[in-house]
Amino acid sequence: MLNIMANKVAVYRKEHFNAAHRLHNQMLSADENQQLFGKCNLPNYHGHNYELIVKVVGEIDPKTGYVIDTKILSDLVNEHVISKFDHKNLNMDVPEFKHLNPTAENIAIVIFNILRSLLSEQLTLQIRLYETPRNFVEYPAT
Amino acid sequence: MLNIMANKVAVYRKEHFNAAHRLHNQMLSADENQQLFGKCNLPNYHGHNYELIVKVVGEIDPKTGYVIDTKILSDLVNEHVISKFDHKNLNMDVPEFKHLNPTAENIAIVIFNILRSLLSEQLTLQIRLYETPRNFVEYPAT
Amino acid sequence: MLNIMANKVAVYRKEHFNAAHRLHNQMLSADENQQLFGKCNLPNYHGHNYELIVKVVGEIDPKTGYVIDTKILSDLVNEHVISKFDHKNLNMDVPEFKHLNPTAENIAIVIFNILRSLLSEQLTLQIRLYETPRNFVEYPAT
Amino acid sequence: MLNIMANKVAVYRKEHFNAAHRLHNQMLSADENQQLFGKCNLPNYHGHNYELIVKVVGEIDPKTGYVIDTKILSDLVNEHVISKFDHKNLNMDVPEFKHLNPTAENIAIVIFNILRSLLSEQLTLQIRLYETPRNFVEYPAT
Amino acid sequence: MLNIMANKVAVYRKEHFNAAHRLHNQMLSADENQQLFGKCNLPNYHGHNYELIVKVVGEIDPKTGYVIDTKILSDLVNEHVISKFDHKNLNMDVPEFKHLNPTAENIAIVIFNILRSLLSEQLTLQIRLYETPRNFVEYPAT
Amino acid sequence: MLNIMANKVAVYRKEHFNAAHRLHNQMLSADENQQLFGKCNLPNYHGHNYELIVKVVGEIDPKTGYVIDTKILSDLVNEHVISKFDHKNLNMDVPEFKHLNPTAENIAIVIFNILRSLLSEQLTLQIRLYETPRNFVEYPAT
């Protein structure tokens, strides 16, 4: 049986940001990092066009016909996520990654935590993050 | 644990339609509508290339190797949804929206209700509707 | 031999707008319009997510390494085209189509004429307009 | 309530292969096959650019920040699936379809079974397979 | 200077077909074929979702605002190309490839020749054919 | 009249690389750089998933039916461009940008120059480079 929420609708909003990063675990040696992360560990950073899809699930407000106004959702994501990550070096410029390896998995969790606190508890939140068109992650997993 | 249906397969079919609409709640004043819906409320309508993805979940028929023949599914969607919505003004030409605001959320529910009655009860149905590549909805939410 | 411009670079910027329209030639009868344009002539309008690609060709400015700053190009397109067309009814709200049938061909020429006057004569301009992912036009043709 | 796995992340990797196939149930007559599968049953095969998305769900390894290294996942998929299916005739060259109709549904299950045995039991696996951009399947269904 | 046709517009229509093929030059030995074409020469065929973009350049008809009605263009392409190629084995089922290697280059030329004879001499024709999203060709070259 | 090469075919091959960069003209002051390039000038770099489309125009070799084997073309691009740019910092790691601002325009010219010397003079070359899906360039311009 599908675990559906029969009177709930999911709303998705897609945003993007361009950032530099490198994969590096500060607790490990240079050799171990090189072995674990290969070219993703190269010292001078590389970068991606990250595509971010924010999913919000809830009941429709009968006044608006919306679960959430995607304009409001977009503004929220831009103010609290995109402005912080876009055209930045994730390792150097974003405090959350000072001691956290900026893998797609960890970036998705950081974004989830930022947005979770800004949304009504009535709304369920899920983050999908594309690092490239071929590599992407989702948090929390369904 | 994933809520999977171990012996079930999901089949997806993508269709599209082009329609005009405006967002407007007939119970509210012009000012309230303008405040809630902004440019989506402009009086002379705007429009979208809607992309519709119909998801049908069920067991594989051992005779065909199909859950459902996507040709049959496509014909069903075209006869009962696309022919009704395509190249139409949703507010003016589609009776379901005579008193219902044609937000993406509400359009998805209307399409779900049309198709639900046409499919076997053995099959689970879910609708994904793209209003634009950056704004889309899913009903029922998973 | 390719008709290339060996020291020139083409720069492309993609924008979009959502609009309603109907195809209709005011000089023809209702029957002739219906025969020529079929469902595209339906009286209450339909709509599209138009994707607009603006191509500008010129020499690289050695100071910036740009032919044109795509931020400046995007602002120009948004101020003079998108703000005029987005969430509008092309037939009713955009003066250029008061007596001009808003086919993709004609919309592309109208956009070309708006932007041509705003760009330096050193720069060559071409417009590509997607009415749907399957139907698109280019002006001037190459 | 969403059936989320709060401390788990889903990782997706996209691969592709090009293959020929025809739909045909060996237990049925030529007429029945023609009636069931139409042009998909034509005797000399047709083909597709199959897009394969492998989804792996698990907990993040604190050492790497990965659920699974997508390079390792990609190598696994290439070695055990792509090399077997790519530029092949599914009906004639892939033993699993000797007596199994190569519908998208059945191909997805075959791929699932190949990969399931190669991944840690801690990891949940799901396969999405695009036969065309408009027809795709998922196994197991969620 | 751009080689533009100042009062001409290009109209594009996208169609698709799914077909099997193998690359093979009948004048060469099996070894030479294997060396030249590698896995594309495998004996039992493989296949593709071919995406076909037909470009037609001409002047706008003032009565319709069209260079050519894309509905008419689409019908023409479907009747004379798609119906002949779709769900077929190009080597075995399409007479044009009885003695011609069905590379993307040659398929594009065959399609050009079919359509060229069906269009007014006032209209310029160009074919773009995607064998995969990463490999495509254009004929005649510009 | 179209400037077509009636017996020539264009072959396209798409590749990609992920790189970090910042826009910066070493001859200008920090303030001037900030004014010209805005957030693209931020000191710690950002990055992109660059999509590279290499276009090669020539006559079909009657032996192969190819203008150029896209496998050979892909190997050439990977050996001489992708391996040099992928997962690198363009400003710091790629010698060509030691004194050249890595705008999309300049990157395209650098790639053109690398590949031009590797291809037969019979073949015409053009580079298209996507910095993002909305910003892209072409060299030489047609």
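By written order: A, B, C, D, E and F. Residues from 1 in each chain.
Following the convention adopted for this analysis, a contact is a pair of C-beta atoms (placed from the backbone, for glycine too) under 8 Å apart; a residue touches a chain by one contact, two chains touch by 3 or more.
Only a predicted model underlies this, so the values are computations on that prediction, with no experimental measurement involved.
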item	value
Set of chains adjacent to chain A and to chain F	none
Chains in simultaneous contact with chain D and chain E	none
Farthest chain (mean CA position) relative to chain C	D
Most distant chain from chain E by Cα centroid	A
Rotation angle superposing chain E onto its copy chain F by C-alpha atoms, nearest 5 degrees	120
Length of the line joining the C-alpha centres of chain C and chain E, rounded to whole Å	27
Inter-centroid spacing, chain E versus chain A (mean Cα positions, whole Å)	41
Residues of chain C touching at least two other chains	2-3, 5, 57, 124, 133, 141-142
Chains touching one another, given as label pairs in label order	A-B, A-D, A-F, B-C, B-D, C-E, C-F, D-E, E-F
Chain B residues within the chain A interface of the complex	2-3, 5, 23, 25, 28, 36-38, 57, 100-106, 108-109, 124, 126, 133-142
Residue ranges of chain C touching chain F (in the complex, touch as defined)	1-15, 57, 60, 63-67, 69-71, 124, 141-142
List of chain F residues in touch with chain A within their complex	16, 18-21, 39-40, 42, 44-49, 86-89, 92-93, 132-133
